[in-house]
Amino acid sequence: MTARTLTPRQKIFYEIIFGTETPAGKWFDICLIAIILTSVLIVMLDSIWDLHAEWGWLFWQIEWGFTVLFTLEYLVRIWCSPNRKAYVLSIYGVVDLCAILPTYIALFFPQAASLLIVRLLRILRIFRVLRLIAFLNEANMLAGALRRSARKIFVFFSMMIIITMIFGCLLYVVEGPESGFTNIPISIYWAIVTITTVGYGDVVPVTALGRAISATGMLIGYAIIAVPTGIITAELASGLRGNHLTTRNCSQCSRAGHDLDARYCKYCGSDLPALHQEGD
Amino acid sequence: MTARTLTPRQKIFYEIIFGTETPAGKWFDICLIAIILTSVLIVMLDSIWDLHAEWGWLFWQIEWGFTVLFTLEYLVRIWCSPNRKAYVLSIYGVVDLCAILPTYIALFFPQAASLLIVRLLRILRIFRVLRLIAFLNEANMLAGALRRSARKIFVFFSMMIIITMIFGCLLYVVEGPESGFTNIPISIYWAIVTITTVGYGDVVPVTALGRAISATGMLIGYAIIAVPTGIITAELASGLRGNHLTTRNCSQCSRAGHDLDARYCKYCGSDLPALHQEGD
Amino acid sequence: MTARTLTPRQKIFYEIIFGTETPAGKWFDICLIAIILTSVLIVMLDSIWDLHAEWGWLFWQIEWGFTVLFTLEYLVRIWCSPNRKAYVLSIYGVVDLCAILPTYIALFFPQAASLLIVRLLRILRIFRVLRLIAFLNEANMLAGALRRSARKIFVFFSMMIIITMIFGCLLYVVEGPESGFTNIPISIYWAIVTITTVGYGDVVPVTALGRAISATGMLIGYAIIAVPTGIITAELASGLRGNHLTTRNCSQCSRAGHDLDARYCKYCGSDLPALHQEGD
Amino acid sequence: MTARTLTPRQKIFYEIIFGTETPAGKWFDICLIAIILTSVLIVMLDSIWDLHAEWGWLFWQIEWGFTVLFTLEYLVRIWCSPNRKAYVLSIYGVVDLCAILPTYIALFFPQAASLLIVRLLRILRIFRVLRLIAFLNEANMLAGALRRSARKIFVFFSMMIIITMIFGCLLYVVEGPESGFTNIPISIYWAIVTITTVGYGDVVPVTALGRAISATGMLIGYAIIAVPTGIITAELASGLRGNHLTTRNCSQCSRAGHDLDARYCKYCGSDLPALHQEGD
């Protein structure tokens, strides 16, 4: 049996921390969102040199306050969870752990030793923002449309990577190192910047042939921007349409295509079977 | 009772100023649009240094002329409105007030004191252009599609902000201050510029790892550009399809929304009136 | 009566020049496309300084050859047209005239006098490429979808221009002349470059507040890129769907929604009325 | 007769190399993808100067190893193919040949003679990545949607090229050589960079008129980005909707394509088999 029996106190905490129906549970969630956003803001402010020089010590103290708070919350979540292992191994459990670990790890690595690693560890705390995803219920619908079109999007990306490789190599051959196309990876970086229509302008073709080839590449990129859009739109539209129709058949004339709110067959006027259990 | 009884003179003014059916009302609207556009043009021309040096005094006079005109119009609107409080507090009432206030406020703050504030006040007059929105009836349809997909778009933007924060922090750690990624807010600005495919090129990755990460970010941005498009298209298409429903009402229960091929009311099962001659 | 009676010789010319069914008419069209593209290519090559210095005289001769050819064709078109006035005033007639006029006008304005005007006149010959539009039959379908959504697109553009004006003015106030935002028209140019995600990088915000505002503007631009796409897609999809359905009603059960190729009612199995006169 | 009779040994090889059903065939395909990606990676690494200086000799050896391997595979494919000519002339046969030829050709052209040509030949090996397309089954669906909308996309591109030519020429006349618009081809390159919203910023208008014209061009580009998207989406959605048609065949005339709610064959009027249990 996977779920433990909770003591009454654990039940109360469970309803507050994991639940979203009770007023206490709602307030807990709202406070949590506010605290997460504040802690992310502190990390961002701390990265600005002027503010770090003046308020660095204060930021450090607030940072530790948030870390202790999130650690307590993490422990309480484990304590009052009906299925501890499931929570710890769930995406939210891992994200909760990742939100507190970097501050502790930074303790044991002296700052002087390797600055970059420490900087990386301290920035990782910003991933706390990922915890907000749990509050986005509607994301599931979008994720569903993306999941259904996953294979098509994979094919699309494979083709796009092949196209960027070909254009990158062509420009590497045509332009050469003196125009900034010093090697193939950089040329492919240029091709991605171009095909996605970002167009930084840090690597740019200068020869007539290179410009002609890249103009062709842009037009192709412009055309294929339509493909992922088309795929997702078609999936979303199909999902939207599907939600309005049931698969109920009329018991008299056995025709389908009745709306969700239909009570009588629109073709023969007889009663329609009632709707039960329409999941999703 | 909220609506006052208007005197005959107020009624005439009301029909001209608020109405759009009578010829006088139409002409008033057309003149108003022309005047608004002219006053916006004057603000724009006044901001060009050469023109301001030569024609600044003239612009100042024209500006005051428009302000007096708009003030008179605002007062007449209040005077002839059947429900004064409702008009003053409506969006259009507030916009009308905002279109005249800046010129008056600029009077009391001497120009020498704080140039930026004055400049701001004078530029705010350009918000007069917002008054044109009132004339765009069809905007409601688009606004409807946007409102219906508001929750989905909110989720989408939340996810996009999380993505830009993660990519911004990654690039901040990988590139560091020497490449222009001096702090996290700037790195997030770079991430937004990149994911939205604007691509100024003022902050650009220079290391191989930074370029690889940002290329990944671009491809993700390219893919998710499809999501808002898909959402809105699906909503618009669904709205358009709604137009294929007939407006036939059931003679028994008088509910509408029946499909073109429906012969019986889907709500009460009684006969529907036959369809004749439904052109498009 | 608008149409004249043509002599037999005029009829032959008319079928060759205006017609597309006969082999001669098809060959005439193919030759014309080839000549137009060649003449456009010559104008383009002539603009490259190195080629102009060496081959300028040759280009000038070829240019005059094409002009004489197009002039002859224009005169023959008028001569053999059943309704001369209608042709001359039609879009194609005007375009045909515009394709030959610049070379003649350039004769009477000495090159030394005003180089820019002459250059403009000579470049105008490139508008010959517009003549190709006549050969794109399928363009009508696209144009139809655009025309049906014209009002919505107009509303969309009005709102976008209002948004670019507001963002342009905000950045003008926040950034000021020292960042390149020297006046409001330039700031609006920047706002258009940003909202359309072109992002040249020639005018770029440098202050923290300016970057925050422009990041907001980019996200808004990213969202509203969906709106015109959605409008046109919905129209095209609706057009595509419409083409597959007829409005024929079954004479027995009077239900509609039959496919174009249906011969029997799919609901009751009786004969469907034949399709006549389905234009488009 | 086009297909030869295969010996038992040829049959086994055929099933492994061309087949995808047997475990051996699947493993062969997976190994092949891994080897192709590795060989492409080697070409990319070899282009980086630092790595080439240090590991160039190793890369050369690995390169020859892959070339021999692919040559053997190519010969075996010809040997065990039931229809040799069809394979050699098929797209995959040509791509397989192109993947090995460059290394051999590079042997006969001494490196010192013409570096660029040799570099081109060596880079051509990266086209091996094209061989992956054969493994993308789902690409056919996307290709189908593209093929069905090919005419519309062609019309769209013709119109876009006409628009870019007109804007390019306008900017060439307005801006002139001193702003970087040195000739018409470069101006058209700028117009393509702008209309596709890539926006490098290497060629940029600087005059007020030039900026006004290019802002107009951007807005037009922004609007017409919707057109290819709309075309492809409409096609894809129409393909997806096609899935809602049943695969029931009429028992009389055995034609398919009947709607879900059809009870009688729309081609011959006879009864259709009833629908049972059509999940989704």
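By written order: A, B, C and D. Residues from 1 in each chain.
Keep this in mind: a contact is a pair of C-beta atoms (placed from the backbone, for glycine too) under 8 Å apart; a residue touches a chain by one contact, two chains touch by 3 or more.
Predicted model, so just to flag it, every value in this text is computed and none were measured.
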| item | value |
| --- | --- |
| Chain copies touching (subunit B, subunit C) - same or different residues, decided at half shared | different |
| Repeated interface matching A-D, over half of the contact pairs identical, chosen among A-C, B-D or A-B | A-B |
| Chain pair with the higher count of C-beta pairs in contact (B-D, C-D) | C-D |
| Centre-of-Cα separation between subunit D and subunit B, whole angstrom | 41 |
| Cα-centroid distance, subunit C relative to subunit D, in whole angstrom | 28 |
| Of all residues in subunit D, the ones touching two or more other chains | 185, 188, 197-201, 225, 229-231, 233, 235, 237, 241, 261, 263 |
| Complex contacts: residues of subunit B adjacent to subunit C | 40, 43-44, 47-49, 116, 119-120, 123, 126-127, 129-130, 132-133, 136, 138-139, 141-142, 145-146, 153, 157, 160, 185-186, 188-189, 192-193, 196-202, 225, 228-229, 231-233, 235-237, 239-241, 260-261, 263, 274-275, 278 |
| Residues of subunit D that touch subunit B when the two form their complex | 197-201, 229, 233 |
| Residue ranges of subunit D touching subunit C (in the complex, touch as defined) | 151-152, 154-156, 158-159, 162, 165-166, 169, 172-173, 176-177, 182-185, 188, 194, 197-201, 204, 208, 211-212, 215, 218-219, 221-223, 225-227, 229-231, 233-235, 237-238, 241, 257-259, 261-271 |
